[in-house]
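For reference, the structure discussed in these notes is given below.
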Amino acid sequence: MISNETVDLKEFETIRKEVLETWPTGKGVRIEDGVRYQKRIPEEKRFSTAMKTARDKGRILLQPRAGVALIDEHIKLLRYLETEGEADLLPTTIDAYTRQNRYEEAEKGIERSKAAGSSLLNGFPAVNHGVDGCRRVVDAVVSPIQVRHGTPDARLLAEITLAAGFSSFEGGGISYNIPYTKKVPLEKSIRDWQYVDRLVGIYEDQGVRVNREPFGPLTGTLVPPFISHAIGIIEGLLAFKQGVKSITLGYGQAGNILQDIAAVTSLNELAEEYFKRAGFEDYEFTTVFHQWMGGFPEDEAKAFSVIAWGAVVAAFAKPEKIIVKSPHEAMGIPTKEANAQGLRATRQIVSMLADQRLFDSLTVRREVEIIKREVRCLMDKVYELGSGDIAAGSVAAFQAGVLDVPFAPSIYNLGKVLPMRDNEGFLRIFHKGNLPLDNDVMAYHREKLGERAKAEGREISFQMVTDDIYAVSKGKLIGRPR
Amino acid sequence: MSAPAIVLGVIGADCHSVGNRIMEGFFSGEGFRVVNLGVMVSQLEFVDAAIETDAAAILVSSLYGHGEIDCQGLRDLCIEKGLDRIILYVGGNLVVGKTPAAEVEEKFRAMGFDRVFRPDIDLKEAAALLRSDIEARRAKAS
Amino acid sequence: MISNETVDLKEFETIRKEVLETWPTGKGVRIEDGVRYQKRIPEEKRFSTAMKTARDKGRILLQPRAGVALIDEHIKLLRYLETEGEADLLPTTIDAYTRQNRYEEAEKGIERSKAAGSSLLNGFPAVNHGVDGCRRVVDAVVSPIQVRHGTPDARLLAEITLAAGFSSFEGGGISYNIPYTKKVPLEKSIRDWQYVDRLVGIYEDQGVRVNREPFGPLTGTLVPPFISHAIGIIEGLLAFKQGVKSITLGYGQAGNILQDIAAVTSLNELAEEYFKRAGFEDYEFTTVFHQWMGGFPEDEAKAFSVIAWGAVVAAFAKPEKIIVKSPHEAMGIPTKEANAQGLRATRQIVSMLADQRLFDSLTVRREVEIIKREVRCLMDKVYELGSGDIAAGSVAAFQAGVLDVPFAPSIYNLGKVLPMRDNEGFLRIFHKGNLPLDNDVMAYHREKLGERAKAEGREISFQMVTDDIYAVSKGKLIGRPR
Amino acid sequence: MSAPAIVLGVIGADCHSVGNRIMEGFFSGEGFRVVNLGVMVSQLEFVDAAIETDAAAILVSSLYGHGEIDCQGLRDLCIEKGLDRIILYVGGNLVVGKTPAAEVEEKFRAMGFDRVFRPDIDLKEAAALLRSDIEARRAKAS
């Protein structure tokens, strides 16, 4: 049975040997060497420092997603995003084979990309490139740089990239399993991520702070804030237990500005509450806002507006970081030019709005309180199911559908919950499945959905959910009947 | 004539489940007998499922960019396994990066797909084509 | 002396003869013929109907600016904006020679454009093309279509385009003089616009409603809402006096969302108040919001965000119409593709936000009250200077600097008022010049500007104004020191 | 040496006054003797003002798109009026529509302008060039 305990060092070492064996580049990866390398990295290039400074100064940092198959091309891409895109923070997005530990296929992808003269992989295969290859990337840029992926078993990836000097690592045992895989048992992915967090803790013990960022948006598709908040908080708690000190919780834009502001506000308040309550004090907490993570419109002009709307909401919600989309989103991995366009469009909004404030709002406060109620309903039950252990509780909760991510591919996700937009575009719950939401909370959701049904003159139905999924790509937020 | 069976799935290491869910619901609603393999489906799984269910068509989805690598050889595998007349459709974000539709279509046609769909395809249209393609094959067969 | 009297029909006829003589295409223009032609236009193509329906149903209509030298190209352009741009309303933007009644130069421009195979004019020379040419345009499109220009003496232009079936006509005696010319006496332009409004009144009397739209944004550069509101209301009053029944008052986005919402709200409340007080009852009143009218960023990605931000503000401020910019704004007259991109980007925002509401706000209400106070300060003085006559009062007011448009080129504008942004980006008054603003109002402005000076650690100075002018094109709203 | 006089103005039927205001303030601050004719200035007004004030340069602005038509012949008029050595600058949105800078520059150079500026020009840079161009002409002249 899994439990939320700090991984024993001996056990860690045993597992570590196996992990490093799984691909040739793993051999000879040494933590002490990684620590030495990390310590040479200047403070301005440290991810955790950038995030903390942003929080202290009330700034919003911009980060794109980007990764291609070959090292030189990847460096060119990142540099372009720094200079032409004015990115504050850099990514290295990992390809989908590496995410599934299919390093042989990644190798094939590298070869074919070399032959084709363009990337046939949807990301940077960091494991195949190994520590030295990754260091070339880290050394070539001036901004803090992070590994972004979607890997249920990211142990080798973490070993290699942390040794190579990456100072932030995205993911988590739930958020990089449920939305990203089909058959990986949750218990396994949580355990494998305890390993990753323990590794970060070891670096931390030796004076190297590595930022960690659970993946907030999950399936990116109509995920109500309380579901992703609960999962983010759990992943934060799991990470802290392994010695992580710098954590950034994420949230994917839902679409209604008031709900989104309330979501960021409640995420801040809830995280601090749960972290403190679990006895953690000495940590750096920040937030990241993802521009619209669902289906985009194909037309670039319209895509620009979806990007800008995300930036507007973020400018008022004030996270420390925005993950930026590109006008190519609906079509394919963006060119470096399109990626930089997304960054510049976002920058224009964020700086035009930097000094503007939205007034206090009853609606926002009401939504904040509702989200908090909802998250507490879930968290209470998770703790209960785990008899106080959040790791065991999470596994049990997914099994029971107490935690349930809409539209997720994993067979370990019950998949009974169905979200839907209300008449003003707030995400509400249509089918709660087994979510332990209190009756009055559900009554509120139903009331709100009733308003929409009435306005549209149709019964609440699954068709509305489908319509909502397509809506943004068709230029709307709410999937109204035509 | 009984409802034709069709096999759906997202090929390779691709986890994009949303479109797949919608397709399942949609094609069922259109009267097809849908065998949905979900995400992360291998070529072999597609072919085996088609044999097992005597499917008229396989509808392959690929969203994540590796479609080009993942789809190569599927037609050969079908033939090898005796499915020499099955209809193969493919759709989604089939290659890495924004690419002219014609170029993508050509590439996947060359791989042996009967039709190639962009992500903004109206599923109604696809269903109509599928019905007529199935008709045509049946007519030829008889 | 000018006065706000309905132009006598006899006098109108005398002037009319002269006007129609000023260019060959004027000869033979007959109002009865125009009325007949207008009456054949279907209801859905009537501008006033579209505006009124938008108001009744709470919809926001989108309209681009567009005009090229040659008829066929102009038709192609407009059709493209209807189909690819999904424009609700069409423009015909008139070239700058025609605006100055320099028809010979316009003729040269037409010839040269024919030779060059591309438009060398910055608009459509409607007078030169005459009634028949214009009718080809009106007949070729399906949407309501308006003449947009900047012509101090638009009498011939109005005669020709109204006879040709255009159902809306932009401009006014102040708003098409002060920002657009250097040496045209205000008295003359007001008189010439009384003629235009009288012409519209004559069409109205014969059962043809023509929408009129004073040009709200003026110089488009840091114009505080109260200045443009006062001028818009005056032009509305002048128009009604001549028999106009459908009026759309305009406002150019200032940049801070709260001030912009307050501006649209106060424009609605003030206009109704002044119109009713002057005894007008039987009219259709609507508003138009102009996306950012100042200098744009050259980068198209950034320009898209300026466009989107304007759309966001409009979506919450809820005017009946948005005048849409294009991503080419900083560079030149947009191609039809760029123009359609601006429309589609705006559409995406407006429809994504259609069902969202911002909550009631104390700040907005406070700003509404301030704008109302300011407008009343100006209007009281204008009435006083004209001994109750708004036309005479306006001329006197500009002479005295009681009405004063920032950065305007006209020698009949005092040019003493200097606006500046406060610390949250609201436009405030730095130098009031001779504006009759009450002391407590000015104290408020000074207090707000003081906050900015303090935040920036510099004295309030002209440099700040320059910095503010450049700010948006450099990616900011407020021109902070670097 | 006394401060060189320069003539500013916006040519033709162009009413864009904001940039012109800023230029007046800026070049005055940089130590030039600025003669600002404002907006809607004809070629003749430019030349007469330059003669009257013994100006070293004329800085023509055109924003509204008719620059191509309005500026043609200005160099000839200068020469005709005896201003055969005057520096001619032009800047703004010189032609109708977004056009590559090089194309615009070539067009206006061919018309006899010494330098052609895009609207995003940093005025400091323009002032530095102007100073050195004036120096160079004076040096040649003496």
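Per-chain residue numbering starts at 1, and chain names A, B, C and D are given in the order in which the chains are listed.
Going forward, contacts are C-beta pairs under 8 Å (C-beta built on N, C-alpha and C of every residue); 3 or more make two chains touch, one makes a residue touch a chain.
Everything numeric here is computed off the predicted structure, so don't read it as measured data.
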item: Inter-chain centre distance, chain A versus chain C - centres from mean C-alpha coordinates, in Å; value: 46
item: Whole-Å gap separating chain B and chain D, where each centre is the average of the chain's CA atoms; value: 65
item: Whole-Å gap between the CA centroids of chain A and chain D; value: 54
item: Junction residues of chain A - those touching two or more other chains; value: none
item: Residues of chain D touching at least two other chains; value: none
item: Contact graph of the chains (line, ring, star, complete, other); value: line
item: Those chain pairs that satisfy the touch definition; value: A-B, A-C, C-D
item: Parts of chain D lying in touch with chain C, wherever the complex brings them together; value: 12-18, 21-22, 25, 38-40, 64-66, 68-69, 93, 95-99, 119-120
item: Touching residues (chain side chain C, partner chain D) in the complex; value: 95-97, 99-100, 102, 105, 108-109, 112, 118-122, 150, 179-183, 219, 221, 294-295, 298, 328, 330-335, 338, 407-409, 462, 466, 469, 473
item: Sites on chain A touched by chain C in the complex; value: 255-258, 297, 299-302, 304-309, 311-312, 327, 340-349, 351-359, 361-364, 423-425, 472, 475-478
